[in-house]
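These are the structures, in structure tokens.
The same chain A turns up in both complexes below, where it pairs with chain B and then with chain C.
Let's look at the complex of A and B:
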């Protein structure tokens, strides 16, 4: 029974991890840059959700949607002002790493200054007050709610990519930015929008992340960025569908380790990352990336 | 990683920095006594480190308001200057900054940041540089070894001693199926060892005993694994973030245990209540630490009531345990300076050893063992009793009976 519990928990957490990482992969796919402030954007989404809950009694599930438009706008502006010009530099990848590292530190410092360094939590009862019984086991209800919310949110990203004109342009840039520009796609504009969407979806997961992470605190950003990076590398860098697979593999590895060798639970998922890199450097769904 | 560095000068005094091993004539008296420490302005230890830092700052401002701390080596009061850097809860950053305090700032008094994780680098560096480490709350037993005179534990007893009353409570109540989950660090590991050995001495083998990473924030699967062993008591040993995650996950999983023990509700009650909620903490057990335990009959510094009143004027709000620890670290420094015949590090240590067992403070009897570890007071077992229909919880001491303020409710309803 414990094995089944860990599997179910792994899938639920896996869906959450996929949702948590998808924005990072979207930005990487288009820009070929790693947003080192990814985890800090999640943290800001968490604090926004906390504030909206305690000030306006807004259900965190609604906050998942509410935080998207302002973050998309901020992302778009940041891209146009900073990242776009940066891409003309000699070594844009390295410069963007440094840039986002700085952004990460600034965001953490600002939140600490204005909101304090204490961890904040939103009560589980704001989503569901009772546990969920499944296959004879009792699971925290919030796990199911968060996992269930993650599916349509990731579905929306896939819909955006595969069913909209903008998404098609985005995928064209992901495949080859030069060729996309050659066929008349406004690479800069589409990239700016995609960067905004990536940030929006990232802030959106932050709104419900406190239920899975035990709360939100200003310093959680770095660890979340590392976690998300592991997930997208396992799944396949630049492949959105791979992120879903990577998240579930990561979740299962973490929960099974917590069950059988808990003291190793912070190591095994990252050992898995190394194994994937050694055995299949392009990630589990790496082949699809090349045929996309 | 870029460092956020912050230096606070608490005394309006000259900038001359004094040597760590000054002579003792009045003419050579330093213009100030430099206390160097770190604090976690952010990160996982900020909740505990910042109040401890505030406690130390309070002691400094209190002494400086009297013209400084009395230094027996110079037979006069000398202002105290604080040099503090933000380690952001990172042991690696802390290691660099500890080194900087000694080699660049040349502080007279070297004080560690909160807890065993951030004290570990300080202990090594202090021994290397022959500086006496005023260990505030790094209670891991590994820091204290017979050959190292350069450390003294200012506050709580070593963590190996913490669970002794808890073990006695479990044995007395014939609770024989005990599950343990602990963070893989010195602080929690040494508590676990004490409990396991204590239970073993009573013929009890824990039904579950597993370490988890200190960074663990989700305990759902662990709780499920523990529940499968049908324990009569569950002891979770972690830092405040671990306790919050464990109690929250336990509540939301719908799992019920007859007894749940966690470390920090008795030290950071408001923080835990804010994050877990009163219902999630109701009937759980914890260590009762000062100021929950009051000591008003003291012969060094302020008693509990006087300290709370004075501290709240400077830092409004309920006083918590780390604030007491910070102030008590100051008292330990004061004790050393009041009695040492020079500012040499070993002289400071000798002075403290000589005063050990003679001093009572707001943390009770100040007593060190030969390795510099506190052994004065043990931490009673407390239970969080719901009041006003679960709207609030009050922490009641339930063991030992000599200190008890209420009878334990076991099994928890």
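Let's look at the complex of A and C:
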């Protein structure tokens, strides 16, 4: 029974991890750089959700949507003012990494200064107070709510990518930015929008992340960035559909190691990351979609 | 009026002068070839004409208008289209998406006229371009470029990675495309193939045009024959 529990919990957390990582992969796919401030954007989303809940009694599920527009706008402006011009530099990838590292440190410091370094949490009752019975086991209701919320949000990202003109242009840039320019796509504009969307979806997951992470605190950004990076590498860098698979594999690995070898649970998922890099560097879905 | 006039074009990449004082001309229905060894600057020339890299000196005139410093999308609007080397397709997009993206600058989603020229693509419209054969990918690249209804089409490395039969089949497309009023610049390694296709050819060596003329003139040039045809 414990095995079944771990599998179900692994899938529920896996969906959350996929949602948590999809923005990082979206930005990587277009920019070819890792947003080292990714986890801090999640943290900001978490604090925003906390603030909205305690100040305006806003349901965190509504905050999932509310935080998107301002973050998209901020992301678009940051891209236009800072990241876009960096692309003309001699080594834009390295400069961008340094930039995002700096942004990560600044965000953590600012939140600590203004809100303190204590962990904040939102009560489960703001979403659901009862546990959910499934296959004879009892699970926290918030796990199911967060996993259920993750599916349509990821679906929206996939709809954006596969059913809109902007999304098609985004995928063209992900495939080859130079050729995208050659067919007349405004690469800088589409990249700026995609960066904004990537940040928006990342802040969005932050709004419900406290329920899965036990709360939100200013220092959690680094660990979340590493977690998301592991998920997108396992699934396939630059492949959004791969992120969904990568998140579920990561969730299952984490839950199963916590069940059978709990002292190793913090290590095994990253060992999985190394195995994927050694055995299939393109990620679990990398080859199929790249050759498809 | 000439379709394209390139005057004294120079390109510097990474501090190195890759093109030096290149001048070429195209009539409205010409097929012009650019040949030369690897590293001679052929792809750089096409990239510069497509607006993908900046030029350091010289001018580019299209239909008498100076387009030297216009953006790639502006050149597409002015009917310059480009089939780059390699596959020339977005491998993670379907063939249909590739074609539609090719026409987006002109808001053109009508793919039937392109498919009539490239009928092999009809059965693979909903397949990812990365899953196609090399020949189909090249056809898809041609289709994508033709979707913008160009009056000047530039083709880099026409036969790269193709079997001789596939390369010949693709080469036979060029006169059909030209018959629709499209001027063509084609870069090709196979000298015999390119001379059988073009009205005029330019030989690039170390970024400079060293020989130019009609296929007949090139074949009567001792220097050209010694360097490019002996032993082939």
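FYI, the second predicted complex is superposed on the first by the 288 of 292 C-alpha atoms of A that agree within 3 Å, B and C clash if a C-alpha of one lies under 4 Å from a C-alpha of the other, contacts with A are read in each partner's own complex, and residues count from 1 in each chain.
One rule holds for everything that comes next: a residue touches a chain if its C-beta (ideal position, glycine included) is under 8 Å from a C-beta of that chain, and two chains touch if they have at least 3 such contacts.
Here the structure is a predicted model, which means the values were calculated and not measured.
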item	value
Superposition on chain A - do chain B and chain C clash or fit	fit
Partner chain(s) touched by A:142 [first = chain B, second = chain C, both, neither]	first
Touching partner for A:185 - first (chain B), second (chain C), both, neither	second
Chain B versus chain C as contact partner of A:176, first or second or both or neither	second
Contact breadth on chain A, by residue count: chain C or chain B	B
First (chain B), second (chain C), both or neither touched by A:213	first
Touching partner for A:88 - first (chain B), second (chain C), both, neither	neither
First (chain B), second (chain C), both or neither touched by A:165	second
Touching partner for A:57 - first (chain B), second (chain C), both, neither	neither
Minimum distance between Cα atoms of chain B and chain C in the superposition (Å)	33
Residues of chain A at both interfaces, chain B in one complex, chain C in the other	none
Chain A-facing residues of chain C, complex	50, 52, 72-73, 76-77, 82, 84, 88, 90-93, 97, 100-102, 104-105, 128, 130-131, 144, 148
Contact footprint of chain C on chain A as seen in their complex	165, 168-169, 171-172, 174-176, 178-186, 289-292
Sites on chain B touched by chain A in the complex	2, 4, 40-44, 46-47, 50, 88-89, 181, 184, 210-213, 215-218, 220-222, 224-225, 228, 240-241, 244-245, 248-249, 251-255, 271, 274-277
Touching residues on chain A, where the partner in the complex is chain B	1-2, 5-6, 9, 13, 105, 108-109, 112, 117-121, 123-124, 130-131, 137-143, 212-215, 217-219, 223, 255, 258-259, 262-263, 265-266
